[in-house]
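Below are structures written as structure tokens.
Common to both upcoming complexes is chain A, partnered first by chain B, then by chain C.
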Partner chain A sequence: MSDLNFDYSLLIPEFILAGTAGVVLLADAFRRELRVSRSVLPGIAAVGALAAGATSLLFVNEHDNFASLVAVDNFTTFFRVLFAATLFVVVLGSYEFVSREIRHQGEFYAMLVLMTLGATFLAAAQELLTAYIGIELLSFSAYVAVSLQKHDPRSGEAGLKYVLLGGVASAILLYGLSLIYGSAGSTSYAEIGARLADGTEDVHLPLLLGLVMLIAGLGFKASAVPFHMWTPDAYEGAPLPVTAMLSTVSKAAAFALFLRFFSGPLLPVVDDWRWMVAVIALLTMVVGNLIAVQQHNIKRLLAYSSIGQVGFMLMAITTVSDASASALLLHMGGYLITNLAVFMAVIAFYNHTGTEEISGFRGLAETNPYLALVITAGLFSLSGMPLLAGFTTKFILFQAAADGGYLWLVSIAVVMSTVSLYYYLMVVRQMYVYEPAGQPDADSATVHDERRELRWRVSPASYVTTGALLLAIVFVGIYATPLLTAADRAVAVLFPA
Partner chain B sequence: MLTAFLLLPIAGALVIALLPRDRAADARWVALIASGLAFALSILIFVRFDPDEAGYQMVDRFNWIRAGDAGFSVQYVLGVDGLSTPMVLLTGLLSVAAVLVSFNVTLRTKEYFAWLLVLETAVAGVFLSLDLIQFFLFWELELIPMYLLISIWGSGRKEYSAMKFLLYTIAGSALMLVGFLVLGFTAGTFDIAKLTASPPTEAAIPLAAIFWFIMAAFLVKLPVFPVHTWLPDAHTDAPTAVSVMLAGVLLKMGGYGILRIVLPILPQQAHDFRVLLAGIAGFSVIYGALITLRQRDLKRLVAYSSVSHMGYVLLGIAALGPVGLSGAALQMFTHGTITGLLFIMVGLVYDRAHTRQISELSGLMHRMPLIGVVMVVAGLAALGLPGLSGFVAEVTVFLGSLGPHPAATIFAVFGVVLAAGYILWTVQRVFTGPPNERWADLTDANQWWERTAMGGMLVAIFVVGIYPRVLTDVIQSGIDPIAAIVQRGG
Partner chain C sequence: MSVTLAHYLAVSGVVFGIGIAVALSKRNAIAVLMGVELMLNAVNLTFLAFSRFSAAFSENSAPIAGHVFVVFVLTVAAAEAAVALAMAVLVYRRRETVDLDRINLMRW
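Right, the complex of A and B next:
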């Protein structure tokens, strides 16, 4: 074992993230002694996220690993940058929300940073136990973060539900991993792949059982149907920035593991798991999109819509090819940008109005046209409207799946995507068609002035984050090539030519 | 040039969006300038179009989405042929008319005109796109302005109608997208020209199913029985300008899609189902006309007459011969101008009388002779009076379809008789008769914008009616290749 590479410099971004979490916690604990105000906490977290993202870029085109546990390659870099950028945006965009709603701010920011740290380890893991530790780091931080909105009982309820179901899922996942370990005799991805390639007749049953449990466990983390039950409750109860993290980082991390593990080590037994993923993909997109139609709360709506999106993404896992994997990364990037834009806008909306009901969005186009525009663009992008990120990425994703022989699944995905347009339009309708609540009569002579009084502005930080994300949505929608190139290079690691 | 035509309205919409709030009233002028320039460009396109040259002209193309290394791309490609050139002209003309008749809109002016211009771009994009995905893109884009225009600036049960319109169209277009994707992935390209040249002969889903998937969207849009029920509601509750756009150009997207995409790419299936299509068409003509006869609301009346008239389009298409297809294309153009004008007139009457109930109106000719005369001319054109454009188109359709579908054609000819019935009866009830005291203070069309809109449409109706070759030569050059493919495929 002397040939293991213990080059700690490969893990600089992770060290930075872990350090950031520690510094944030300490700074909060010794706030009095240090004579700093609370507003320094998000600053530290944001700087940490930026530094982690920037140092990740040092490893572009690197092809190395740390002690055969953590791979540092383009795939890792892609996710490191993606997660760090997400963390940065969430921290920046939720500053106002946190200072109002969250009492334990140090813990809050530290948990966000630790979620990111767990997610990057998950994406980089080259060995099952490392991956499992990544998952648990991600999940435990999420359990705490979900329940941090102390004054809202829903937050505690959501945290409890999440921790109980999450614990069960982790147990199932771990059992699945142990069965795979038992079948393959190793926890290292490379060795599992080599062992399974030799033939699996003798261990077929335990391996199959292990696959079922693995998919169930990961399905839970990614909130795929039928393991999605926790999602709407956790999303609804969690503080909004945490919901944003759950629907982006947490989900993308599960898919990173899916990609690395299923298209590599499990490729020899692809026929054993492919149909399971296809069925789950089908269920997920249908159930997620159909239930979303009936939601009245914006967080629950976004929860179900994100479940629907997971169904689309699982489609790309089913087809296992470099084209579909790169399409998945592209879609993931587009989805993260879009979802963040929507969540940042909803946070800004919540800061002003304190409501999460969809009916509360009445007349937003009148009272805050900018925010209405951002939400509309985001929702339309999620539904796959042209000229926005969602269309381009979804199109390439569907194309990859169709090329992989899953045209029937793509056909259903297209129909479901149209269903999604319906429920997104219901939100848009509230904003644009209806007059704001408390609107004076149209006959009143002072209508113009009173309307102007109803106007409100979002905070500068919200302007910056939502504006940048809006531009990114449009940019990716019109010119996706840079992101696609990055995705191509990231998956080239998984599918050596 | 085509790109400029496509982007002009959007640019206008952006300018309007950036107007300061206290200058919101200027939005209409920006809209007028933008749509006017687009109209001028569309005339230029029409004039520069050379019917003797084969293939698409004035093509603008670049690769848009590059998918994977081995994958193919979605391209941005615009082009016109003899089929789309008249549609482009129609879009340009009706958009100006729509802006003009909206000059008195005061509710949320900026948004209104911005959405109207976005609508123009979306419709123009449908007519200009030569790539299936791009076509679909504009097809969907049109929904957003339409939905908002009807549900905010409409009247009556506007939200219900807007939602109904949306759901019908979305349901159709979901199926259409499935069809497009299957076609595109099977053939390895979304380029309409390439698909037309070498259509896929088999796919993962039976081609007959794909045919109906795609047809579903177009038949809903056209619309024909039994998927027409959204149309009367949407028309009745939409503001005048939107009715004009809806009847004038949006319905044409359905017929255009069948001619541009379904017939050339799936000729065999079109041949297999031609009798069924002719049956639907014939029934729609008569059913629409009968329902029209018993309407009590002026706008609903014109809306149902559209169902009847669009039946002719489908009848011409189902003939699958060069004459019938030309007739269908011509009918799309003439119906656009005639029904557009009818909706403008109904709108003018409603603006003044604030009712559209036929039973309440009478003797309006005494108060508004200009509106009355124009309404009569538009009505005569709609019922197919020789010398006006409706006649040319309907005769061409019947000539083309009599051979292949004698029964459906003879059945449908009675639609003309019924049209004479409902048009003349309506004119008689609303415009003639003794002057009614209640309508004593009504004024005629006295605003310049109203007169300009009416005049422009009248010119189009007369020119095509008296000298149809202006259009038919162009249409012929676009139809001939399609007809050749269909006859070879059959």
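Right, the complex of A and C next:
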């Protein structure tokens, strides 16, 4: 045991995040004694996120690990930076929303930070227990965060449903882990891989059962059909910034674990689990996209659209290879940027109008052309329109899956992408085709002035976040090479040549 | 007849089955939570059994890992009960029920 690397400096970003959560909680609790206003809380959280993201960049390497529990390699760095950046954007973009809607602001920001912390541990874990603790840290913070919009009865209801279903899913996942532990005799990824490579005839049944339960549990965390029942309810009931976090950080973290665990230790038994993931990918993309068509609440629409995206991403797990893994990371990056842009714009919209109904978006192109542009660009990018991030990343992802021999899955994915364009366009139609509600008569002499009065502006913070994300969407859409290079270097750790 | 690994696994499988049946069929939030606790205890039993008997099929593994896992699962289960009960109280204050069929503000 003496050859383990106990260099605590490898965990600096995690220490910063944990410290930030603690400081935010204490600053809120003692704000009268400290004579500070609540507006310092998002500042602390944002600085912590920035510091965690910046220090993560110190660890660009192939092989470091902490005590064989947590890998600190390029793969971890990729996700650490991605999660810290997401946290920063969410904190910045939701400041106005939180100060108006959330009573327990310290707890709220602390939960967002702890979600990020759990997600980084999940992406970095090299051992089952560490991965499990990461999952639970992420989930528990999410349960609490979902139910924090106390004046809205849907919030508590969503939290209760989420925690009960999440508990069942965690228990199933855990039973799967225990069976894999029993089949392989170890909780370390490396040792599980070595043991399974030696042959699995004598442990075939428990291993297969373990795989089924593991995929079910992880499928729940990533909200794959048929384990998606909690997603629309939790997304609708949760405060908007938490919905943004759920659809980005929590999903990406589940896929990070999927990649690390299935491309390494479980690769020797790939024939046992490949077909399960393929079936789930198929179900997820079909069901998610078809149910999204009939939604009338923007959060539920985005919930089902994110389920559809999970189906596309699962294709990359099915065709496990270095090309598809790097395509998955690239698509994840593009999806995170795009989804955040849409959510930040919807938060700005909700701050002004207080509605989440899609019909409430009517005439937005008239009353706030900038916001309408951001939402349109985001939705088009989600559906995969050229020149935007979604096109490039989806193209590379589909190509990698087709090269991996799953052409039939890719062709269904293309059809489902077209379906998704339909429901995204429904929102765009509301904004651009219809006139704003409360429109003056056309023959009125002062029609021009009254149209002026309907105009409104978003707050400066929202301008900064949505503007930066909009630029990022276009940048990745035109020039994806930097992100692709980062993804390639990250997955090189998983697939040593 | 001595008690072997298979016996432990059978018991834990049965307990897990009961737990999941309770969790999925009961309509009361607290009863669902009890089902989840049963499932977690079945997991603990599996881990302990594998840990105890793992030396039998692999000499170089550290059997202690299963025991450590159980300690963490117990802790997480306690935290989970705390969070879930707090949510139940939150919902009960507003709706005066924790019946999952009647907690239905949101439907697809």
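Convention: the second predicted complex is superposed on the first by the 496 of 497 C-alpha atoms of A that agree within 3 Å, B and C clash if a C-alpha of one lies under 4 Å from a C-alpha of the other, contacts with A are read in each partner's own complex, and residues count from 1 in each chain.
Following the convention adopted for this analysis, a residue touches a chain if its C-beta (ideal position, glycine included) is under 8 Å from a C-beta of that chain, and two chains touch if they have at least 3 such contacts.
Owing to the predicted nature of the structure, the values given are computational and were not obtained by experimental measurement.
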Next on the checklist: Looking at A:84, would you say it contacts chain B, chain C, both, or neither? Reply first, second, both or neither.
Outcome noted: neither
Next on the checklist: Which partner chains sit in contact with A:123 here, chain B, chain C, both or neither? Use first/second/both/neither.
Outcome noted: neither
Checklist entry - Which holds for A:316: it touches chain B only (first), chain C only (second), both, or neither? => result neither
Checklist entry - Of the two partner chains, chain B (first) and chain C (second), which one does A:374 touch, if any: first, second, both, or neither? => result neither
Checklist entry - When the two structures are overlaid on chain A, which partner does A:10 contact: first (chain B), second (chain C), both, or neither? => result neither
Next on the checklist: Taking the superposition on A as described, I'd like to know which of chain B and chain C A:191 touches: first, second, both or neither.
Outcome noted: second
Checklist entry - Where on chain A do chain B and chain C both make contact? => result none
Item to check | Of chain A, residues touching chain B in the complex | outcome: 322-323, 326-327, 365, 380, 385-387, 391-392, 395-396, 398-400, 402-403, 407-408, 410-411, 414-415, 417-419, 421-422, 425, 429, 432-433, 480-481, 484, 488
Next on the checklist: Give the list of chain A residues in touch with chain C in this complex.
Outcome noted: 128-129, 132-133, 136, 140, 143-144, 147, 150, 153-154, 156-161, 163-164, 167-168, 170-172, 174-175, 178-179, 181-182, 185-187, 191, 195, 202, 206, 232-233, 236-237, 291, 300
Item to check | Residues on chain B engaged by chain A in the complex (per definition of touch) | outcome: 65-71, 74, 111, 133, 137-138, 140-141, 144, 147-148, 151-152, 159, 162, 166-167, 170-171, 173-175, 177-178, 181-182, 185, 204-205
Item to check | Residues of chain C that touch chain A when the two form their complex | outcome: 9, 16, 19-20, 23-24, 29, 32-33, 35-36, 39-40, 42-43, 46-47, 49-50, 54, 57-58, 61-62, 65-66, 68-69, 72-73, 76, 79-80, 83-84, 87-88, 90-91, 94-95, 98, 100, 103, 105-106, 108
